[in-house]
Amino acid sequence: MDKLGLLLIAAFCAIQAIRTTNLLLSVLWLASVSALTSIVLFTLDAPQAAVIEISVGAGLVAVLLVFAISIAGEETLQDHDTLWKKILRRFPLITALLLLFWIILPLPETQPGVKDTATFSTILWEDRALDVLLQIVIIFSAVLSLLGLLADQKLPAAVQHHATPRPLDEATSLTEHVAIVEDEEPILEAERELV
Amino acid sequence: MNDEELTLLGVVILFGVGVYGLLLTHHLIKIVIALQIIGKAVIIAFAVAGTMSERVQLAQSLIVTIIVADTMVAVISLALVIQVKQRLGTLDARELSNLRR
Amino acid sequence: METNSVATLIALPLALSPAAYIVERLNRKIHPGWLALLILALAWGVLGVAAYEFDREGTLTYRVGMMQLQLDGLSLFACGAILTLGTLTVIYSLDYMAEEGAADKYYALVLLLLGTMMGLVCTRDLFNLWVWFEAMAISGSFLVAFYREQPASLEAGVKYIVQSALGSAFILLGIALVLAETGTLDLQEIAQLNQDSVMLWAVGGLFIAGFGVKMALVPFHTWLPDAHAQAPSGISALLSGLVIEVALIALLRALTCVAFSWGTLLIAFGVVNMLVGNLLALRQTQIKRLLAYSSLSQMGYMVFGIGVGIYAQTLDGFEGGLFHFFNHALMKGLAFLAVGAFIYSLETHQPLQISDLRGASRRYPYIALALSLALLGLGGLPPLAGFMSKWQIFAAGIAVHEPLITLLVIFAALNSVLSLAYYAPIINVLYSRQTQVEIEQGRAVPPLMGLSLLVLSGAIVVIGVYPGLLHGALEPAARVLLTAFGG
Amino acid sequence: MTAWLVGLTIGLPWLGALIVWRVPDHSPQRQHGIAVIASLLTAAVSIGLLTTYSTEVALRLHIGGIFGDFILVPDGLGVLLAAIAAIIGSLTVIFSVAYMEHEACLSRYYALVLIFIGTMAGLVLAGNLLLMFFFWEITALCSYALIAFDHDNPAAVAGGLKALVITQLGGIGLLIGALTAYGRFGTDEIAVLLARAETLSKTELSLIAFSFLIAAMAKSAQVPFHSWLPGAMEAPTPISALIHAATMVNAGVYLLARFYPAFEDVTGWTTAVMTVGIVSALLAALMALVANDLKRVLAYSTISQLGYMVFAVGAGGIFASQFHLLSHAMFKALLFLGAGAVIHSVGTRDIRQMGGLWRSMPQVTIAFIIGAMALVGIPGTNGFWSKELILERGVEDSSPVFVVGLLIGVGLTALYTLRLIWLVFGGTPRFSGQVHEAPSAMRISLGILAVGSLVTWLLVSPLSKMLAETLPYHHLHSETTRDVISDVMTAPITVLALGWVALGFLLWGFHHRLGWLIARLQLLSQIAGQDFGFEALNRVVMRSTSTLAERLRSTQTGELNWNIWGIVAGLVVILIYVAVEV
């Protein structure tokens, strides 16, 4: 029952994350969803998963989102009218803090599953080694895609056609090209930590 | 309804909220956020499945994989979103509807 | 039999893809494309060994922890198809992508895409199936949005990744329910439990919707024309020729864990896909988009064949569906590669209109012929491969001896005729005597691109004239599905 | 030996096609030469094949799986039609040397013609339904490619597409029939279907029978599937002669004749076949009467004559139908090639702009008139004998309504043929410019065909012996030429028919004084001129399909949210289905 309650709160936060026009607030609401998720995971006897969820889901993804917002600029779109906006403006921060507090609180001992004789790490690293290996594949392809997507526009075509003026907002030199690629490094580091 | 089924109900609600977000929002970053919400719902579904079948540890290891994959999807979509912003100057998904018919 | 060859086959492209990524940095003289080709050649060797072992010992397995990779008839067949079109695409890309830059990422991701597809068809674990599936989707995402300086490509990329993600969430929800219900993820164990609960039926629905997004079943198809038309032609060939079909195999594997007859539903989807795909393509003027829509209708034939197989427990239905899978890989691959050759020769990144190809046969007789063969094959005209597989699908349908199915077969045949109404005009344009100026001044197409086209055209004709050639590979593959669906 | 002959009849032209396709456009002499040599060799081989007919399987290619074996059987029916295709094919190619002299893309033209000749031979020699369907579709493809040969002429492209789509629609009939037979017997061999037709259930046998009838109707341009044939007249004239008069359109008649023994007991089938034949014969004859395009008149007359053949099959006159097929192949090829020679020199196809041509091209005129006589059925020509056989059959085996229909058709034929000859060759010239006699390559072909139109009826006894010996299920008895002569000469219907022909001639002779009658017929002629509304029907189908397509396209809005709606809706539908099924 309590889990349903938590999930309903999470659903509420999720609605807020979608409805609010302020992107950063939206990210905070998402972080609270993540925090609630991780609490539910705790109550479902999945502490390790909960920890990873709170660190990756609430932490890394939020960072990524904020990072993206800072690059892309905070463009607000009037999606649909926000009736609750004023009341709820101040809520997310408080909620997030409360939730964090709850996480830090000592939680009841988790009871390991009956059928699973092996521990979490055995299962993860040995039984399901293939999944882990595949995670590496996924991360590698994601990194490649990221580099590909965010790298400077391909040069040869641009170099060959001197006649066509290039838009100003595109990087114009090789050095900048390198600089942008290097900018991605922090993200990569963060992802490597994951593995 | 027992506890697990109620939790699954919650999962479905959360999932529904995520889908609702995908259906209604035009903001690209919010679309990514909606995908994340759906991801959370799925994660809890797995945890519930773990308790129901008494294979919590297995479920946990699956959840880790899901989180990693979801994050990678978020990373790539955000990279795309940034590109969209830089090339088109907007984050409105409605502007991205030139490929039609 | 326990063997390493399965694991080697899959691991080879995956493990060596970083090499393709960095090789250019180590030594400027080595082109990543050639390295990728070398890796695929090695994979062919391993596939040969695996096929030999399979022939002698039957199904091959490889154990990683508690999970198993398994090379049965179906995966062997699918791996063969994947490597065939994959290799030809890489050969083709050597010249096609030469001026596009980002070769390192391109080839590394193509290798990853091929590797994950092979893993996808080999896995025996339900959750692992999803992980492969997700890996496949992620490695495809950059390839779809490859021309990232074009807004259209970014649009296609966004749609691709968002819709795939939603689909894969459906799949995951389904898998969670399976786990909750059965407590195991091994497909064969689940199938043996033969669970018969309402929850699992809903799971089947989730699977069809989730995999349906990638397979482009009709209400889920909306991303496909954008992605397939915007990607570089080689990738379009892989996406249309392999990815959607591999998703079909994944769906079938996943559906085996639900004891419910999915035949009717699949037949319905097949019929709708045929009709909608054809109608959407009918008035299309962009040639790559037209081909993408035609993939919908071709997918319809495959799903129809397999649906009949499940519905009536006939081997021919499965075999026909899989045969069409292979033929479609060749034909759609050829069509996209040939169109790509025109794009290459015109040096354009604008969407190629059908009218841009006016009189192309004068300047490029062989490419025009290759494209015509591909289109006629897709239209189901003999003596080309597409006809033979459609024949087999229809034969399976008629052999059910049910009036409704017979009617649907007639309907499918009518759709074949309808499809000619958009394939044939393209051929007319190709063989026009007036020539578009741009195409007259187009540059020559390099021999390696021609080689891929030649091999594919040859294969289409040879299979069309002698369809028995593939029977040896198709029969065990179809038998796997027949057994899995309770025949 | 037979295996070699069969293989060569199909393979030689294909090989020739492959070679000629690679000859560059700047050496047209080599293109002509290769095509002529390949087609002549094929004709020679096919004549050799005529002497070695048998019911044995000559070639068997094991394919395996569901596809079984591909087999080729050189039985009487097969070798006859193969020989017709090869011989008329070679004459057409010779004619083309002059007719296509300065055309572009000759290598493609000849390659397609040669492929067609080989394929047609394959179609009639095929011993199983899959292989037959295989060739069936390739002939349609060749026909399409040759109609649309001038890809810059929108009428040609449209005509080609129409022919392709309509014959493909009919092809579905053959497909379904073949698959039904396969579904029951586990093999698609023609001999098995013929031998074991009774073991099929009534529904299945009717399904096969009527499917095949639809296939035959589409291929042989019978009403209501006929409208592609007039459109096909955009093809170069030699193609019209070869594909759209002498060979491919016969495939439908061939199909019906081939399977007649299996279907004759199906309720309503023979009546349906006879009705289709008669209706086509009459309607097409009326349309021929009002058409003004020389080739279209001939096309309608082809539909009409094919109607006779279809009728003959329905009435059980297998031999009569095949005999008329042979005659028709000869005289219609002659007429088309003659028309080609006329068009080549006058430069138009409109008969209202011709006239008086007999002065400038007497040899062509003579050849054309011989062909026309055969078409009308003047005694002494092959058309006379074969048509009388069909009439006789009609009197014996069908109701009086059909006989009356046949006779009216005979009269109409005489009428439109006379009109055609008068407008083209008679009277005074209605065009400007010089007209010359046809070049020698054309005259060679015309001469051979003219002689053929006069003498092929002498082949009755070997032909009938051949068919009787190799078609075990058709229960034919061989007839000698003398039998046929005495039969025809003593039959009252012959006199009646000749009377009708004379009446037709008379009507034309007085057509200036028959203004009142023509005025009465104005309405009919208007309807006939508009193809009895079938053309409009085609257009409606086409337009509604394309409207539907356009409507459906607007569902692809390109908006992400909309796409997601689609996905969610799809899931809901599936879940509802599953819930209902549970």
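Observations on the structure shown:
The first chain written gets the first letter, and so on, giving A, B, C and D; residue counts start at 1 in each chain.
Note that in this section a residue touches a chain if its C-beta (ideal position, glycine included) is under 8 Å from a C-beta of that chain, and two chains touch if they have at least 3 such contacts.
Nothing here was measured: the structure is a model prediction, and the numbers come from that model.
Contact count check for B-C and A-C (C-beta pairs in contact): higher for B-C.
In this assembly, the C-alpha centroid of chain B lies 27 Å from the C-alpha centroid of chain C.
The geometric centre of chain A is 32 Å away from that of chain C, both derived from CA atoms. Centre-to-centre spacing of chain B and chain D amounts to 63 Å, using the average Cα coordinate of each chain.
With centres taken as mean Cα positions, chain D sits 41 Å from chain C. For chain C, the set of residues that touch two or more other chains comprises 127, 131, 134-135, 138, 141-142, 145, 148-149, 155, 158-159, 162, 166, 183, 225-226, 284.
Taken residue by residue, chain B touches two or more other chains at 18-19, 22, 24-26, 31, 39, 48, 50, 53-55, 58-59, 62, 65, 69, 72, 76, 80-81, 83, 93, 96-99, 101, whereas all remaining positions touch fewer.
Residue numbers of chain A whose C-beta contacts span two or more other chains: 115, 127-128, 131, 134-135, 138, 141-142, 145, 149.
Applying the touch criterion to all chain pairs gives A-B, A-C, B-C, B-D, C-D. Residues of chain D touching chain C in their complex: 61-67, 104-105, 108, 130, 133-135, 137-138, 141, 144, 148, 150-152, 157, 160-161, 164-165, 168-169, 171-172, 175-176, 179-180, 182-183, 207, 545-546, 548-550, 552-553, 556, 558, 560, 562-564, 566-567, 569-571, 573-575, 577-578, 581-582. Within the complex formed with chain D, the residues of chain C that make contact are 155, 158-159, 162-163, 166-167, 170, 198, 201-202, 204-206, 208-209, 212-213, 217-220, 222-223, 225-226, 260, 264-265, 276, 279-280, 282-284, 316, 319-320, 376, 381-383, 387-388, 391-392, 394-395, 397-399, 401, 406, 409-410, 413-414, 416-418, 420-421, 424-425, 428-429, 431-434, 466-468, 471, 474-475. Remark: chain C residues 127, 131, 134-135, 138, 141-142, 145, 148-149, 151-152, 154-159, 161-162, 165-166, 169, 172-173, 175-177, 179-185, 225-226, 229-230, 284 touch chain B in the complex. The residues of chain B lying in touch with chain A in their complex are 3, 6-7, 9-11, 13-14, 16-18, 20-21, 24-27, 29-30, 32-34, 36-37, 39-40, 43-44, 47-48, 50-51, 53-65, 67-69, 71-72, 74-76, 78-83, 85-86, 90-92. Interface residues of chain A, counted against chain C in their complex, comprise 115, 126-131, 133-135, 137-138, 140-142, 144-145, 147-149, 151, 153-157.
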